[in-house]
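Here come two complexes built around subunit A, the first alongside subunit B, the second alongside subunit C.
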Partner chain A sequence: MSMDSRAVVVGAGMAGLVSAIRLRQAGMDVTLVTQGIGGIQLGQGTIDVLGYVPERVLGQPLAAVTAYGNAHPHHPYAILSADDVRAGVEFLRALLPDTFVGDLERNYLLPTAIGALRPTALPQVTMAEGECTPGKQMVFVGLRQLKDFWPELVAGNVARTELPGGGRVSTRAAWLDLPARANEVDSTPLYYARAMDDPAYRKRFVDALRRVVEPGETVGLPGVLGLADRGAFADITAQLGQPVFEISTIPPSVPGMRLNDALTRLAKDARVKVVLGSQVLCANIDGGRIRSLTVGTTGRPTEYAGEHFVFAPGGFESGGIELDSYMKVSEPTLGLPLWVPEGDLVVADHNAAQPLFSVGVRFDHDMRVLDTAGDTVHENLHVAGGILAGASRWQEKSGDGIALASAVRAADAILESVQNLEGARNA
Partner chain B sequence: MPEPLEYPKAMLTRATLDACIKCTICETACPVSAVTPLFPGPKFVGPQAERFRDGESVDHSLDYCSSCGACTLACPQGVQIAELNSQARAVMKEDNMPLRDKLIGQTVLMGKVMTPFAPIANAALGNKLVRTVVEKTVGVHRDAPMPTARLHTFQGWMKKHQPPASPRTRGPVVFFSGCAGGYFEVETSIKTVEVLEHLGYEVIAPKQGCCGLAQQSNGLFDEATKSVLKLCDQLRSGGKDLTIVSASGSCAGMLKHEAHEIMGVDEEKLHDVGTRMREISEFLLELHAAGDLPTDFVRNDITVPYHAPCQLKSQGMGMPAITVMELIPGVKVIESGRACCGIAGTYGLKKEKYDIAQAVGQPLFDMVKEKNEGIAVCDTETCRWQIEKGSGVKTVHPIWLVHKAYGLS
Partner chain C sequence: MRTIDTDVVVIGGGATGAGVVRDVAMRGYRAVLLERADLAQGTTGRYHGLLHSGGRYVVSDPRSATECAEENIILTRIHADAVETTGGLFVSTPGDDPEFPDRFLAGATASKVPAEEISVGQALRREPRLNPGIFRAIAVEDGSVDGWQMTWGTVNSAKAYGAQILPYHEVTGIERDGDQVRRVRAHDHKNGEDVTIDCTFVINCGGPWAGLIAGLAGCHDVEVVPGRGIMIAMNHRLVNTVVNRCIYPTDGDIIVPVHTVSIIGTTDVKASDADRLTIPADEVQEMLDSGEAMIPGFRQSRAVHAWAGARPLVKDTRVSATDTRHMSRGMSILDHHDRDGLKGLLTITGGKLTTYRLMAKNVVDEMCQQLGDTRPCRTAEEAVPKSESGKTYVVTHRLEDREADRMEEQIICECELMSRKMFLEEMRGRPSANLDDIRRVTRLGMGPCQGGFCSTRAAGLALHDGLIDVGRANGLLELFLKNRWIGLWPILYGAQVRQTALDQWIFSGTLDIEHLPEPEKAVL
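Moving on to the complex of A and B:
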């Protein structure tokens, strides 16, 4: 790899961070530009590959990826294969060892903070004991000063849910009265997680927990079991002597923050040049190739030149795609052509799929953007993550699988093109 | 004549808060709410409380915002949370501005008074009794970091200084020292000029005052506006269209965007200076990207803990100092990963905020203590004083390493 190969990555979500790290690890000079912190910490902190098609996927999520892609020609999984998903997930797992459980052979079924059973391929180690099996005894424990987690709600909904193979979990709710900080009656999960980084606080927490937990119970807690101290969970489990798991709350999701912090740290330590807080304004194009991006830095705009670009700004929810009051959708940064499903983009039924979320860019297997005629838009522009057309990620629980598969594919397509070029030069 | 604070008062109703989707990312980035429940966090105080402000604030927790800007930087939706809060605070404090907050914004005055009596001033600032009296009367905490007065100012040095005899191959640049760089961190200013001259630039350093940042962060917008506009005239007197280089990370930010975004200063001369302003590492990295930076550096086998100041980060250009320092063979940089050192300009000097500022800085001090091999590195003056006091480790501007690597020291 010639060191003067420069890549510019846009976006700091799962797709942006992972593709930046992969390119950097291959020796490329990588700049990552992002308007703010990415969305990983707004999610559950699990790796969801495919959870609903729309029926719940329990076994073989990768087989489901292939089947779903075959049945839905506009879906990202019609282009990204099960092997791509596996490569993406394995790359992440190698970056973050000892973080996840799961083998992509099945989905875990874990309670959410409202007690629904949610399928995911790779939960964090801290969540694994939450798997619901018939006859399991669970106690969900809330904290009086944390309003984002109601153990009665979780326990009630889990108890009334019949498990896929039949049978139920027996549940109970309990409360602790333990402020995260003195004199604070209303804390977010984040303050609890920071408190749990302190071994002395953990001891007080476990002492309080012992008084409400009964023998034989698996203990379900809000997702607050340590932020910076990655040993917090193991310490709490060891002290209590009973199985414990955590459940991600509404944002800020501490398990998501842990992933975001770890990936951001990896990127920075590898010397991905992270430019935080500036928006990409436009691309400067010459002969079908992007030469540079103009970024709205303070004072005056700055040009970030490169040979390769990865565009991973996220979807509609991230501002990567905009909708105006005439229901016209656009990609505001580079003006890329969008694939828009036919019919109404927003439907009144809250339980139905909202077609708006499937708006995005079409792409080939090298993650190059395609226009409506199927032609490549810019030779050196690759896309990844939520900007891809055809998925309703929040509903399918497919967002992480798509992000990881596309990020690794985008990076590898760039690396392959450089190798081909170097090979041609040497020949 | 516009009514005082007309801009921030009007901005209160026109701000970017409608873009807020309540995602809480800013809450997770705030270094102040992380250490004290007295500040409920940027989302609560900013986009949420803003909806209840009708000319005045519904609560005064806003005063505990340090204006470090970590929230704005982190926001993926483009909400200018810190700017919103700075404006609301200026309006809130308008009728009851503490004398202390007026005094500590007078950074030039402090330098002018202290320089002729440097040993006496330094002794007085090191005297526990004097500092206790100052705390009781003025409200500046007795243990807060204070600059060390120098016997010579940067301008005094510059007048007597002879540039190298070699031809000035790269033309002129204007050097903006900032008031701390003019009176206290004189050595950093000198090293910056010497590096620029070594590269072949002719360095012009017109007589210059304060950018008004300390006044702005204390809500004294009228005074700060006067300061920044006067400075613009002074810097423009160095030459039309010349690049302006600064080694004061925070002050560069005041001219690039804060005076305009927070105080609404919209004069042509500010835009002119703001677009020409380059922080020194940013400037060197631009040269490097263009293939114009000589990298015949002397090897320096050292690992340095580095902290990018909040007001440097908020310029949205990443951390150019890391790349520049690591161009020197042997230099390995460990980035702090911390949002702010706690001092946030004058915030950490105030007696009621001193403990908070120390708590904000503590993880940084610990990291510096653990990782340093004799020095730590940081781009802004007050942050260096804070880190040095908190960690006991000598803390220098990145230009010190470049200066040494060019064999100039």
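Moving on to the complex of A and C:
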């Protein structure tokens, strides 16, 4: 069996979904093949461009992208420019209007679920009030039935932190005893988020909140403020009559899930064909071009043919890159050549960004994979996201900027090549 | 400064020291145990978890084999809650010496170690992952034992008999009055306080550190060489029976199912410093190859953690002939009166976890003889607290507990099924504990996620409960992750890399842990 699609995208994280939607919007026939749900919901649901270099980046993250790329020739930002990042972020923002705040002119500084102040370029609207400014009064409110948000830890650390321009936030911790579901003592953020989709539950929640919140306080809550109902946050804020914000917890992260759900729905609504739960087994190659991918679909392998391929399987976290017991790294799906940093890949310092996690594929500005000699591996294969070599995404807070810039560049390079081909034909 | 008056000071909080303090207390002496770190944090907690049947020594060391067989029965009775009666197999893998199994069976008969040859088919039915190429299989009564739980059971029994147990108390001096030991000085690291203990007898159970401790009493040249061995915990119970290679004891020839994991061990390399044990990459590869010989596909299973322990190997040129009467193979008692002219100090070292009780009995017998007392050892007669029922451990115990309390209790560590209540009980009992101290008792963070999900919960819960302040919460979290990494990075490959990537995403990416405010002082 052979299904003909013009473009096949592998991976359903930020990079895969965004490139699929962009290609589809340009009129291309797109199939997205993915082994599982992508990594967006493992993250915090913000758009990080560049937060640490390693000093904290506060103003002008795009200028920092340029400087960082110039200083680090192996980093994705050495190839992807600040304009690419802007194009990627603006594309996402156009896809998801009213979801984010921020203007790429500065980074927000928001408390994490343990009370560190984390820089990000575009927080979700639901997080914006968490910005720490001198003299602000914050109360962090935990839920007795949720074990991944400890308000004493958040409040204590935020209060202990001197803000970059001087001054501090004054903080307090409080608790609510309000099960997400009757008699449940051990709830995940997801259970709470589903409960918050119900207006009646929200009313009970705000009534309980009112009893612990003081006038003048900004209210910090775990990231559970609604999943399907996009009006939940505005409703809670309006009912309480005080500023509210949410803080992403460790996975599953509800703000990340909302983002994942929204992008997946956009892809499906745009009639991207999404093939879920299917592992790519191999590429079928002919004359330096990939003709099709063989995919392990239910029952028997299926071949997905196309003229263009976007490969965005993620890095080690998703199995996109592997390290075997003989300590050899590989890209197990297509066998792509990997860039490996010099020196030890894993180091004894637990606080260091492990060099292993910067292993990935090298690429050109059309997001084509390059081999060690710098030559293109497959003419029609483009890569994006966490598989790109050279970044320490988690320490740098650069993962979303890299994913968006590379996804849009990959899609645009494909579209440019089609236009060039058509232009040549017309001429 | 605190002052304590007692009869006997026991130095070293491993299995041996715990056994000695229990024995001493049960014989009616006042006793104090000093341990410089946490109980069972040294060699006792850094082994493969094997409760020997004696099978391992039937050819190489028949006397140790007999002792192991006898002690195995006693420990299973008095430490039921720490022992799992897994049974063991000695199997000949392809290429192994075909003559050895017959020597093994003869040795087992001679040393009274129960052993029975079974067919290869029976062995493979019992352990389906075993190499189908095995050609002999002998069943023995090996078990597995949690060294931490056993040690805590032992000291809890000692406490019930009036002993004082002082972890995180490092001995700084042993003082004499003429030729008689009179006083031990220690520093309480948790409270930053000096302690003086007046006593009439000191028993040095320092294991690899015994030489340093003897030196504090002016008894020099007690040379204990640390024999470093590495162990690797694999994520699953690849076997439910202890599997040994039926060969003359060598490296990497045992796989022990302990709790939810199976542990492969071990190597034996002379180390220079028992406080700085490495986990060399070549030894890791050697263990994986050995695992592959017993269980094909071993390399594809997931390694979650590795550690190195130091065997105390005594190399003493000044042991007088009179000492040898107390020596059985592998365990040595040094009488410092004979050796150095100092009364009231004995050093015991060597030995193995399975024979800890016997070692304690031997050294306390010697002490009683020197003191002119005839108080019999009773440690084999009575079970330690929580083992009275005689019900041995099974791997599903935690599941049973959580099934019972799931409507009331949160699970803080999902991998090891540790509840909020379990954590709080331990932490409230020891508010100065760090998360590793709690881990050794509750298994917090010992599963596949290696602290990725549970460590912030633990720190947050301790803070919420008012047991610590926020600076200490940060410090405990940092220390815990640092210590987990020591055992992770040397075996980082395969599925554990993926887990570690997720953990880095959580801690750096989402929580930005590197940018927490610094703890005000280093935590312990």
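FYI, the second predicted complex is superposed on the first by the 422 of 427 C-alpha atoms of A that agree within 3 Å, B and C clash if a C-alpha of one lies under 4 Å from a C-alpha of the other, contacts with A are read in each partner's own complex, and residues count from 1 in each chain.
To be clear about the criterion, a contact is a pair of C-beta atoms (placed from the backbone, for glycine too) under 8 Å apart; a residue touches a chain by one contact, two chains touch by 3 or more.
Given the structure is predicted, the values throughout are model-derived calculations rather than measurements.
Trainee: Between subunit B and subunit C, positioned on subunit A by superposition, is the outcome a clash or a fit?
Mentor: Subunit B and subunit C fit side by side in the superposed model.
Trainee: On the superposed three-chain arrangement, identify whether subunit B or subunit C touches more subunit A residues.
Mentor: When the residues of subunit A touched by each partner are counted, C comes out ahead.
Trainee: A:346 in the overlay: touching subunit B, subunit C, both, or neither? Say first, second, both or neither.
Mentor: second
Trainee: Which of the two partners, first being subunit B and second being subunit C, lies in contact with A:183: first, second, both, or neither?
Mentor: A:183: touches subunit B and subunit C.
Trainee: Please work out whether A:372 is in contact with subunit B alone, subunit C alone, both, or neither, and reply first, second, both or neither.
Mentor: Neither subunit B nor subunit C is touched by A:372.
Trainee: Quick check for you: in the superposed arrangement, does A:299 touch first (subunit B), second (subunit C), both or neither?
Mentor: first
Trainee: Touching A:426 in the superposition: subunit B (first), subunit C (second), both, neither?
Mentor: A:426: touches no partner chain.
Trainee: Determine, under the contact definition given at the top, whether A:273 touches first (subunit B), second (subunit C), both, or neither.
Mentor: In the superposition, A:273 contacts subunit B only.
Trainee: Scan A:113 for contacts with subunit B and subunit C and give back first, second, both or neither.
Mentor: Second partner only.
Trainee: Just subunit B (first), just subunit C (second), both, or neither: which does A:37 touch?
Mentor: First partner only, subunit B.
Trainee: Pick out the closest CA atoms of subunit B and subunit C after fitting on chain A and give their distance in Å.
Mentor: The answer is 5 Å, the least C-alpha separation in the overlay.
Trainee: Between subunit B and subunit C, which residues of subunit A are contacted by each of them?
Mentor: The answer is residues 42, 183, 251, 318-319 of subunit A.
Trainee: Any idea which subunit B residues touch subunit A in the complex?
Mentor: So the residues of subunit B in touch with subunit A come to 23-25, 27-29, 34, 37, 72-78, 253, 255-257, 274-275, 277, 289, 313-319, 322-323, 326, 335, 337.
Trainee: Would you tell me which residues of subunit C are touching subunit A in their complex?
Mentor: Of all residues in subunit C, those touching subunit A are 281, 285, 288, 299-300, 303, 406-412, 420, 452-453, 456-457, 459-461, 463-464, 469-471, 473-474, 477, 481-482, 484-486, 489, 492-494, 497-498, 500-502, 504-506, 508-517.
Trainee: For the complex, which residues does subunit A have touching subunit C?
Mentor: Interface residues on the subunit A side: 42-44, 56, 112-118, 142, 145, 147-150, 152-153, 156-157, 160-161, 183, 185-186, 248, 250-251, 253, 315-319, 322-327, 346-348, 350-351, 353-354, 356-357, 393-395, 397, 399.
Trainee: Across the complex, what residues on subunit A touch subunit B?
Mentor: Residue list for subunit A touching subunit B: 31, 34-39, 41-42, 181-184, 188, 190, 194, 251-252, 257, 265, 268, 271, 273-279, 295-300, 302, 305, 318-319.
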